[in-house]
Structure formats: structure tokens, C-alpha cells
Amino acid sequence: METGDIAWMLTASALVLLMTPGLAFFYGGLVRGRNILNTIMFSFMAMAVASVVWVLWGYSLAFGDGNAWIGDFSHLGLHGLDVNADSEELLFVIFQGMFAIITPALITGAIVERFKFTTYLVFLVLWLTFVYAPIAHWVWAGEGWLFKEGALDFAGGTVVHINAAVAAVVAAFLVGKRRNPALEPSNVPYVVLGAGILWFGWFGFNAGSGFAANAVDINAFLVTNTAAAAAALTWGLISQFQFGKMSAAGVATGAVGGLVAITPAAGFVGVMGALAIGFGAGVLCYTAVQLRPKIGLDDSLDVFSVHGVGGIWGALAAGIFAVEAIGGTKGLIEGNVGIMGTQVIAVVATLLYSGIVSFIILKVLDLIPGLGLRVSEADEDQGLDISQHGERAFVTDGAD
Amino acid sequence: MISIEAIVRPERVSQVTAALVEAGCPGFYYYNITGQGRQHGVEVFVGRGGAMATRSTVPKTLIRTVINEDQKDAIVAAIVASAKGPGEGDIGDGKIFVSQIEDAVRVRTGDHGAAAI
Amino acid sequence: METGDIAWMLTASALVLLMTPGLAFFYGGLVRGRNILNTIMFSFMAMAVASVVWVLWGYSLAFGDGNAWIGDFSHLGLHGLDVNADSEELLFVIFQGMFAIITPALITGAIVERFKFTTYLVFLVLWLTFVYAPIAHWVWAGEGWLFKEGALDFAGGTVVHINAAVAAVVAAFLVGKRRNPALEPSNVPYVVLGAGILWFGWFGFNAGSGFAANAVDINAFLVTNTAAAAAALTWGLISQFQFGKMSAAGVATGAVGGLVAITPAAGFVGVMGALAIGFGAGVLCYTAVQLRPKIGLDDSLDVFSVHGVGGIWGALAAGIFAVEAIGGTKGLIEGNVGIMGTQVIAVVATLLYSGIVSFIILKVLDLIPGLGLRVSEADEDQGLDISQHGERAFVTDGAD
Amino acid sequence: METGDIAWMLTASALVLLMTPGLAFFYGGLVRGRNILNTIMFSFMAMAVASVVWVLWGYSLAFGDGNAWIGDFSHLGLHGLDVNADSEELLFVIFQGMFAIITPALITGAIVERFKFTTYLVFLVLWLTFVYAPIAHWVWAGEGWLFKEGALDFAGGTVVHINAAVAAVVAAFLVGKRRNPALEPSNVPYVVLGAGILWFGWFGFNAGSGFAANAVDINAFLVTNTAAAAAALTWGLISQFQFGKMSAAGVATGAVGGLVAITPAAGFVGVMGALAIGFGAGVLCYTAVQLRPKIGLDDSLDVFSVHGVGGIWGALAAGIFAVEAIGGTKGLIEGNVGIMGTQVIAVVATLLYSGIVSFIILKVLDLIPGLGLRVSEADEDQGLDISQHGERAFVTDGAD
Amino acid sequence: MISIEAIVRPERVSQVTAALVEAGCPGFYYYNITGQGRQHGVEVFVGRGGAMATRSTVPKTLIRTVINEDQKDAIVAAIVASAKGPGEGDIGDGKIFVSQIEDAVRVRTGDHGAAAI
Amino acid sequence: MISIEAIVRPERVSQVTAALVEAGCPGFYYYNITGQGRQHGVEVFVGRGGAMATRSTVPKTLIRTVINEDQKDAIVAAIVASAKGPGEGDIGDGKIFVSQIEDAVRVRTGDHGAAAI
């Protein structure tokens, strides 16, 4: 590995780490003022918990040799990875670890303003172990069955986004609706700040996924930026045409939807494909956000509408728009019909596995005495910042 | 002494306070409130550009001043004149409430009554 | 291109992208609370619109071969740029695209709190096409006439800062004064946050402009940091001496002024030149900010005083302080008087072209029914966050 | 130096620069609303002042040849460093300059809400000259006596953290207690934002300290992330077990404590050592924060509890957990008892020198007419934002 | 005319304002306050997770409406019914203060008295 | 029953509320206001360090308590004593307004009158 590749991968890893504080503010701005800190902490604690789980056993389970379904325990505590001889693999451990942080953090958008914080910490450990690690193994480990199937997932459409989105739906369903949701987000600048940081960090996420500083990653960078912009613009314009105003929270969400959708495709499509993917993400995620309230599921911050719909669209779009000259794989447009089947299998497998296992984990946590998914009504009314963290986000009474 | 409380549009506050000073008002204070009256609220996005809803309440500012009874008419007139937006007067321009104050005390000196305001 | 150069240019591009959210907060903090979101969205939507325009036709117009005045349509939709063979050019497309985002965003400081948002979006498209692309071509394309003249503009003093500043003056003039400007900025921490992000991102802006990870860019990084610091310090000290207090918004603005001024010079001057440039920027921009209210033009956030004055000073200072041993060009101090003429021509050409064409674009937009430059009085009074975006920045009523 | 190394070091330098705005918000969120801006400015002005001092004489004093105790004036104004021939050294100037910015900024946590701002600016200049430069010379310059002793300080445990922490104690002692400290932090999201930015930037701080993109720095990156996570988690869990709630400000502080502790060790320990160091930092810094109010010293934002205790623990832990296969030095666990002595000497020397010289500087400043350490009682009551900067952080009265 | 000021839990405001509208209240406004009564405050972290302290004050919202005397009982009853949390009624549920208003003025029209509210 | 409204410097609030509790005040609340009286405002930067202007209004906090008539003098005295800054008493130390309250209701129990405060 050249020093340039190392330099870029260190940078990319740092960028992906920053996405999680970015997500903290993106989500934090969307909730009521009395739950901002709790929402931020959902993401921040993912940095603390997942980093530790990852080096202890997560990496080994995900990328240890194992079999087609799961890794093994050969690298527990990163055992057997020599700092000098295996530095390239350690760099891979780092970069992949950042993905293991943000994926469960994404889930939390569905459960804000009512989920019990201690239970969440336990959930983090179990979900990384039993859901994230296996799916990462399937898709990205050399032994993984979806890897062998040739499923296209450049930077984590299935592993990260669809996976998180289906777990989000399950969690929102099990924890139930909020008692008293606000009409509007309480801090839209935080939403935009978060989206800006996510957009910035996503360059590491996608353009780092080729694990080199080369043509593939340059292209991944370009298509990432293009799709984000196209989706943000699409979202903004739809809301402008429909209501005569352009929602800032909407445009920020649109950008994230575009970034989600380009994620699996970033190594396979060109800039025109990226425009199409971004445009599609704008339309589809917007529609999904509009429809969600009708379903009656309180996926509070639309995790499924953005990461699920965006991720599925991206996985299919990777199949549709893949260009052989870019990523070595022909897409539907270039006549490769078969790729669509593989993509559908990858999506469905992720939906099913993550849905079922996330359900089991949460059900068990709900039944364990002392845990349980939901805070008390009084705690919810008072706000989770005080009830779970003993803090107020903002002290505005000058006198306090 | 009487208390005058004027609920006005936030963007009119500097005009109203200037008018108060001009009318000889000895002091006042103001703070943000969220109000609902005949004004039919405001359209806001919910669901990030995906839907709009009417928030029935609107931001207002309440300006209060405590004055001597004899200043009452002048002060009320000053507020009414300055609180209106450009044009005829619109729904939501505001409301004034007048009530009795029994006593006032200046902390610095301990003065009571009219001398304190 | 070595992997190290690619690594740095990917990083630099990401850094420049982040400048625009940084600018969003820098500007956002300076306006009234009821216009914060709108001000932030001016910058954020530049990311969405300019990224799309850039890949569709902006890049081709700016850097397609064309003639001395303008590129051509040979790279519409990045046509003809192969992901593998032309990856270096694609990297250039990315990096330059980030400049096309921030330049029009800079303009918006002059028109905040009253400019109609839909018209702004159309303005973005037209201005990038008819003003930004040609001037970028003049200065940076191999065919460009100012490039051939040998004008020194390392990272965009003319193309970005002077260009944006003169457009800002024109726009402020045409849209007219605010009805009800606030006495003070409403969120100074945002101003400092924005300045911090801008300072950080500017390392990509300037030290990426050598398009390599080499000695020139190392020097550019060093002089960028030095000039920013010197200007911030100068500004702070002047306000301290004059008023006995040190304005935080002032110091932040000073830093930005220093960054602007060093931009054209970063590849040509050494650290002593940088100190002089930063000091000069502090004095000149501060004076310009002080004088602006006397002119009666509501360039609300002092775009001209900072980017115009700073940019012109920087363009001239590049000529004055250029050191042959650094950038290959002698400056005035080293006896090259001629360079000053070239610099003046570059500045004046930019002022004239940008001023005239920006004026025409805005005049036309003002006349088109349904567009027009200015929101209604009622919308302005209510605040542009609600009237243009249907959102409040902050919901502080705990009950809402 | 390969382009990849340059690319990484430019990135790392930018990351370290960003830490200071991060610190501004980390500290800013912890104070009363009426002192937020002043607290932010303490950090921001360190960027302005230290950058200038560094290129003028700081670098020369710290890294000019000199003797075992101090550099010399050979590089005043970076004299003698050629932009092309010495670009590698200039890169070192940049990277080290960022450390010279953040170190004095760290001190300010102890003196917020009452220290006179003008005096602080003078203090910055003196402290960098008489405290920071010599200690940096001792530890990192080839001639430095601690360098020759073989003291392990990879990225600045002594030079940065212990040094700043002891100066903080001295400053808190001399300036005295706040009249009216708040019960709670006024803006916890700022604290978390700051911690997120610090975590991100610290990758540059630590993984840049090998001055290359290689195996040592990859490992440094990994252990940095691991220790931060372990300490944040430890802190959070202790507060959860002790009080049944998990403080967000606490978790953020824990992360910083972990980052401090791994700093001297990052080039010498592996991931298991990092877990132990992070865990230790969580326990020790938490305990120190709990004990501090009992001492009656108003080290307002616990600089010593976090940077002092964390830094000392890290310096010792570097000795304990050093692995020969990683950094070339055996630690205590590998049987090298002698190393502990060297580490203790380095810690004690820093404590003594920084303590004494910081005391002298502050005492002198206190006596100079027109300076003095403390603002007037009226200024303190009114808040330092208005009294020192003529600004309010937030204008929340919609009418203002 | 009388003024009704109801200090309630912030999370009950939407229920209370809905009850006011239903009871025929012509207008109202609300704002955040920090209150202390019998409720024994709230435990908060000081020292970043290292210690807890009791903040004796809690956030409340004050809702005020000016109505005609004859609406008084209906409005007070509506507030009492809607301001209670689920269950029996807890310490901290709130308090209502009633006082006299001498006059009201509508800014838009200049109307005085009962016609103005 | 009477209402006591004290406008004080924000930095004195904890002293004033402590004095209220000591004087036997059954409850109170406070909120931020922006006030203008004899105090000549405050100098602030406009134009980013390039110019200063006087903002005529200053931040204050209003503390209100509703008490029985017989507590009035004790409470007012407690406020006057605690609201002053160190020293003699300065312009801007604050003002107290006293007015009549007709009735009070405790939401939790529905109690009226003196029993409710």
C-alpha cells in the first residue's frame, strides 16, 4: 500500500467518524427541545460502545475467516494482527469500525423521545454482534455469501442503510408511539449543520470504500457529491412546487437521501447515473416521508423513508446504472439483467435477517426486568434530557 | 398607578418603544410570548417539506409599562398609533390590557408610590 | 499523479466543500433570529444547485478548450472524461466544482433578510453560467486571456472573491435596503463556528490550489494560516484600542479577511509576506467595514468590505510580495514593476465584467413576472424563515 | 518525504487546527450564557496570537538548535528555511504550530468567567515564549534533555497536557474564585459538538505525530479511537451506576480524558493497552472531577482533573504498556522498569518548570498597572461577553 | 373583565389551550417561566456526572387569557381539568391566579372594553 | 391576596429567591425580560468591532410571587434588601410593582383562595 493510499484512508476514516456527531446534530435538531441531548447522546454513545465492541470481537466476527455466514473468533481483541506486518489490515479495521459506529446510530432516529437509554446501550452491543457483524460478513468478507454472489454494494447500502432502516422500523413498532410529538423541529440550524457534516464525512464513507487513492475513489467522490446535490435540489423543488415554500429541514433530508442512495452505487456508476440516482432518491424519499404518517408507525425521524427507501433504491439503481468501464460490472442499462436478481436477493436477505433478529433482540430486552424499551410516562413528559441524563440542553434563564 | 400591557407584533417593538419614550413613559420592559387571537395562525412545514400544518399560535411581544393614571390616555394612544403595521390595521396587530397597580417600590432607594416609577 | 497527490486533492476538495456550511453559519449568525434559516439556506442551496450546474455545463464552459474568453460545450455532462483514463481531470472537476459552490454563496451576505428565495435559485444558475464560468476560464484555463497575461491568482482572489464582492454590491443596490435591520448579530457563536470551519476549509482552498502535495502547497498552507492569524489579531487589536473591547464577530471577520487576502498570493509569497498581507487585510477590511454605513448601500454583511477589499488587496499584494524562489515570479519588491500592471488589469477586468453582467442578470430577474428580487413587506417583517421556508429556526417555547 | 506523507501531514495539521474551535465550543458550552462568547474567544484568539508568535520566534526557540534547554534565534521569522529545499521542515513548523495554539487554549478552562481578556492576550505571548517553547524543546528537539533521556511522549502528554494543566492550576489559584458560578452548564450540545470535533481532530494530533503515513501512525489512529471510546464509556457507566443517569457533559469529558491519556502513548502501545489506558483515564479523571470541589480551587472547567490527571496517567501508562514491537521501546509489562523513572522525571520536570514560570508570569501581569488578572466585580456580574467584547452571544428577544 | 393566569407543566400546554378554545376563550398567550412552589425541584448533574444537586426551580409555562367576568368559572374549570397530568393530580400541576382588568383596547380598531377582547 | 413583581438584575436572582424563601414566600416564578428605565442602556458593538452603539434596553429578570396581604411588607423588604448589588444601590437595581389578586386556584386540588397559594 502506498503512503498516498494510507494517507487517504486515514483521512477517510476520520471523516466517517465525524459523521456520527454530524448525525447527532441532524437528529438532535429534529426533536423537541427537551429531548435534544438524549437524541445527541444516542449517536455519541454509539461512538463509545461500537468502537470498543469492534476491537474486542466485532471485527473478528465480521471479517474473521469463518464461513459464508459469519466470521470467527480468530481476531478477538485484534489478536494476531501485527502493528507492522498487518498495518494494512489494521487500517481496514479502523475504517470498517467507523461504519460499525454509525449504523446503529442511524437506527435511533426511529425511537427518539421515548426509548430507555440504558436499554439502548445493551441493544447496541447485541445488535452489533448479532445483526451488524453477520451482514457485514455476508457482503464484504471474502467468504461472505453475498460477496460471492457478486452483489454490488460499494460502500454499504445494504449493510449500513437498509440494515439500519429495517431495525428502525422494528424498534419503532415495538417501542410504540410518542405521547406528545411536536408539530415542528425545534432546532433547524442543527439539522442543516448535521447535514453539512454528513455530506462532508460521506466523502470518506464512499470515496474511501475503494480503499485507495485512485480513479475509482475519485469517481466515487464525484458521484457522491452529485447525487447529494441532485437529491437536495429535487426535494427542495418538489416542496416548493407543492407548497410554495422550500423547507430547510427538507432540503437537508433530501441531501442525506441522495447520499444514502449513491452509497451502494458509488463505485459502479458515472456522473449521469449519479444525477439519476439523486433525482430518484429525492422523489422516492420525499414520497415516503409524505406517506409515513398514514401508516401510523412512529418512525419518528423517518429512518425508513430515508435510509430504507433510499438504500433500496440505491441498491437497485447500482444494478440499473452500473457501467462496466467504471466498476467492472455491467448494469441493466448495459444489458446485464441478471445483476438485478442479485441485488434483489441482497436487499431481501438484509430486510429479513435484520428485521427478524432485531425483533428478537428488542423483544428480549423488553422482557428483562430492569430494562424494558420505554421510559415511564412521567419521564417522557418531563423530557428525556432530564430524566435520562440529568441535564438540560440549554439553560436560557439568564438567572439560572 | 396603572399597568399597561401591550401585545404587539415583534417587528413593531422598536416603533412602539420609541413612541412610549416620546409620550413621556418613565420605563417599560418587554418579553416574547406566543399568542393566539383572531389571527388564524401561520402555515408551517411538518414532515420536512412533505406536508404543511397550521400552527394556531404566532410569536408576539408583550410590552409593559407602569405609569400614573393621568398618562394613561396618552400612552394608550401612542401604542395604538405605533403598533399598527403599514396600512389600515390588520388582524393580529395586537391588544392592550389596562389594570390597577397598588404600589411601586424603587429598589435602589426604597421609594414608594408615584415617586418610584 | 501520485497517490499522495490524489489523497491530498480528495481531502482538499472535501475541505472546500465544508467551507460552504461554514459560510452558512458565519452569515447565519450575523442576521436577525427570524432570518437565520433563510441565510443558511442561501449557502446550502448553492451546494445543491452549483454541483448540478457544474457537472452539466459549468465545468465545460469554464474549462473546455474554447477561446480566450470562454470554454465550450465539449464536456457537457462531463462527456468525454473517462473515469479511468481521465481521473486526474475528474479530480480537477471536483476541486473546481467546490469553488463554483462557494463563490455565489459569498454574494448572499449582501442580500440577506429581504431577497426572494426562488429568484435566488434562478440567479444561481444564471450567474454561474454567465459570470463565474467565463471569469474562471479567463484566469485558470490554459486558453484564458488573463492566464496568458500571467496574472497571479493562486487560489481565486479575482475569480472567487472580487467577483463575488462586486456582484454583491450590485445585488445589494438593486434589491434595496432592509426595512428593519437589527442593531446586533443574533448568534455570535455561529459566527465564530463558521469562521473556524472556514479557516479549516481554507487550507484545502489554498493549499489544494497547487494540485499536488508538494513544497508549493506546504508553503501555501503555512502562509494561509499566518495571514488569517495576523488579520484576526490586527482587527481585534484595532477594535480594542479604539473602543476598549474586542469584538468576537470582528475577530472572526478579520480572520476571514486575512484568508481572502492571502488567497491569490498563497503560491507566491513567503511567511513574511503573509504577515504583511494579513496585517494589511486587517487594517483595510476593518476600515472598509467602518466606512460602509456611510455609503448608504445595505451590503448587509459587508461582502465588499471583506471579499472585495480583501481580494483587491490580496491581488495587489501578490504582485508586491511575490518571491521568485517560491512561485517562480518576481514581485514588486524584487523589482518586477510590470507585474503590478497585470494584477491591476485582472482586478479591473473582473470588477467590470462581473459588475455589468451581474447587473443585467438581476435586472432581468426583477422584471420577470412571478420572480422579482424582493419579498413583500409583510414577508420581510414576518421574517424570511417563515415566509420563504415555512419554518422557524428555533422553537424555544417549551410548550410548542 | 513521499507525497503520501505530505498529504497526511497537511491533513493532520488542518485537523489539529480545527481542535481549537472545537475546544472553544467544548469550553463555551460549560459556562454561563453571559460568558459563552468570552470563553470561545479565549480559544479563538489563541489561534491568532500563537500562529504569529510561532512563525516570528516561537518555532526558533522551540526547535532551533540551541542547547539541551532551549532553542535559539536562528530561525526568527522562519529565517533560513527555504520554501523548496526545506519544505519538510516547513511542514514540521506547521504541524508543531498547531500544538502551540491549542496548548495555551487548554489553560483557559481554569480561568473562565472572570479573567481579564487583554491580560490574557499578553499572557499568551509570554507563556508561549517562556514556558511552551522550552518544554517543547526539552521533549521533542533533537538536542532536548528529555528527548535524550528517552522519555516517551509521542504526541504531547507532557508538553501539551501536563504543561497546560499545571499552568491552569496556577492561574486558577492566582485569579481566584468566581463570584457567582452557575449550577449547570448552559449549552450541553456545544459541549458534545466540541468533544466530537476534538475527537475528530485528535486523529491528526496523534496519528500525525509519527510525521508519516505509515504503520506507526495507523496504530496511533486505532489506539486513539479506542482509548477515547473506552474512557467515554467508562465515565458514562460510572455516572450511571452511581446516580442512575448518564451525563452527556460527562461522557464528552470522558472522551476527552481518554484522548489526553492516549496522547503520550499512542506510538508505543497496542489496542489492548489503549483499552486499559482509556479505562484508567475514565476512572481517574472522573474521580479527580469529583474531588476537585473539595479542594476549593476554582479550576472552573476541570483542566487539571482532565488534562493533568489524564496526562500524568498517560505518561505513566506509556511506560507501563509500551510494546517493543510497536514503538521500539519496552514498557514495564515487558520488563523495562527503568522506563518508569524516565517518565516520572519528565512529568515532574514539566510540573515544576511550568508551575513556577507560569506563576511568575501571572504574578507580574497582575502587578502591571492597567493589566491585572481579574475583571471588576461589576464586569463579572454583567458577564464577560458584554464587558470584554461588547457583544451578547445570543439575541433571543425577537424584537431586538 | 378579568385576567386568568395559569401556571402549568410545559407538556400540558397543548391540552390546556385546546380546552380554552373549546370553552369559548377569545384569545390567550403563553410564555416560559421558571417556577418554584411545593414541588421539590429536580435533580441535575453538576460536575459532569460526578455529582448531582437539586435545582429547586422547574420549567413551567404561564398561559394567560383576559375574558369577561361571566366566563370565569367555565374557563377556570376548563384549565383545572386539562392541566392535570394523567392520574390523580400531582404536586407541580400548577396554579391559577385571577385578577381584575380595567380596560382592553384592540390596536387594529381602537375598540375599548368588552368589545376588544 | 396580592401580587408582587420584582424586576431585578439577572445576576441577583439567586440572592433574591433565597431571600424570598427565607421570608416565608410560598412560591414564585421568574422569567427574562428586556427593560428600559433610568439606566442608560449598554454599549454594544455594531459593525463587527467597527463601531459601538448604545442599546437602550438591558436584560433583567422579573420575579413574581403571589402572597397574602399580611406578608407584603416582609416580602418587599426582603426583595429590596437582596436585590441590591454590592455597595450603595445603583441605577438599574430594579423596581417592584404590587397589585391585587382576586383569587387563586390550585390545579391539583381545585382549592380556592388563600389555601391555594
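By written order: A, B, C, D, E and F. Residues from 1 in each chain.
As a working rule, a contact is a pair of C-beta atoms (placed from the backbone, for glycine too) under 8 Å apart; a residue touches a chain by one contact, two chains touch by 3 or more.
Nothing here was measured: the structure is a model prediction, and the numbers come from that model.
The interface at D-E recurs elsewhere; of C-F, B-D or C-E, the pair that shares more than half of its residue-numbered contact pairs is C-F. Interface comparison, C-F versus C-E: the higher count of C-beta contacts falls to C-F.
At the interface between chain E and chain F, under half of the residue numbers involved are used by both copies, so each side presents largely different positions. In terms of their C-alpha centroids, the spacing between chain A and chain F amounts to 50 Å.
If you average the CA atoms of chain B and of chain F, the two centres end up 19 Å from each other. Mean C-alpha positions place chain C and chain D at a centre distance of 33 Å. Annotation for chain D: residues 2-5, 7-8, 11, 34, 183-184, 213, 236, 243, 245-247, 249, 251-252, 389-392, 396-400 touch two or more other chains.
Multi-chain contact residues of chain F (touching two or more other chains) are listed as 10-11, 14, 30-32, 34, 44-45, 52, 55, 57, 99-100. Viewed as a network of touching protein chains, the structure reduces to a complete graph with every chain in contact with every other. Interface residues of chain B, counted against chain A in their complex, comprise 44-53, 55.
Those residues of chain E that touch chain C in the shared complex are 10-11, 13-14, 30-32, 59, 61.
Those residues of chain D that touch chain E in the complex are listed here as 183-184, 235-236, 238-239, 243, 245-247, 249-254, 286, 289-290, 292-293, 302. Per the touch definition, chain E reaches chain A in the complex via residues 9-11, 14, 32, 34, 42-45, 52, 55, 57, 85-86.
Residue ranges of chain B in contact with chain F, taken from their complex: 3, 17, 26-31, 66, 99-110, 116-117.
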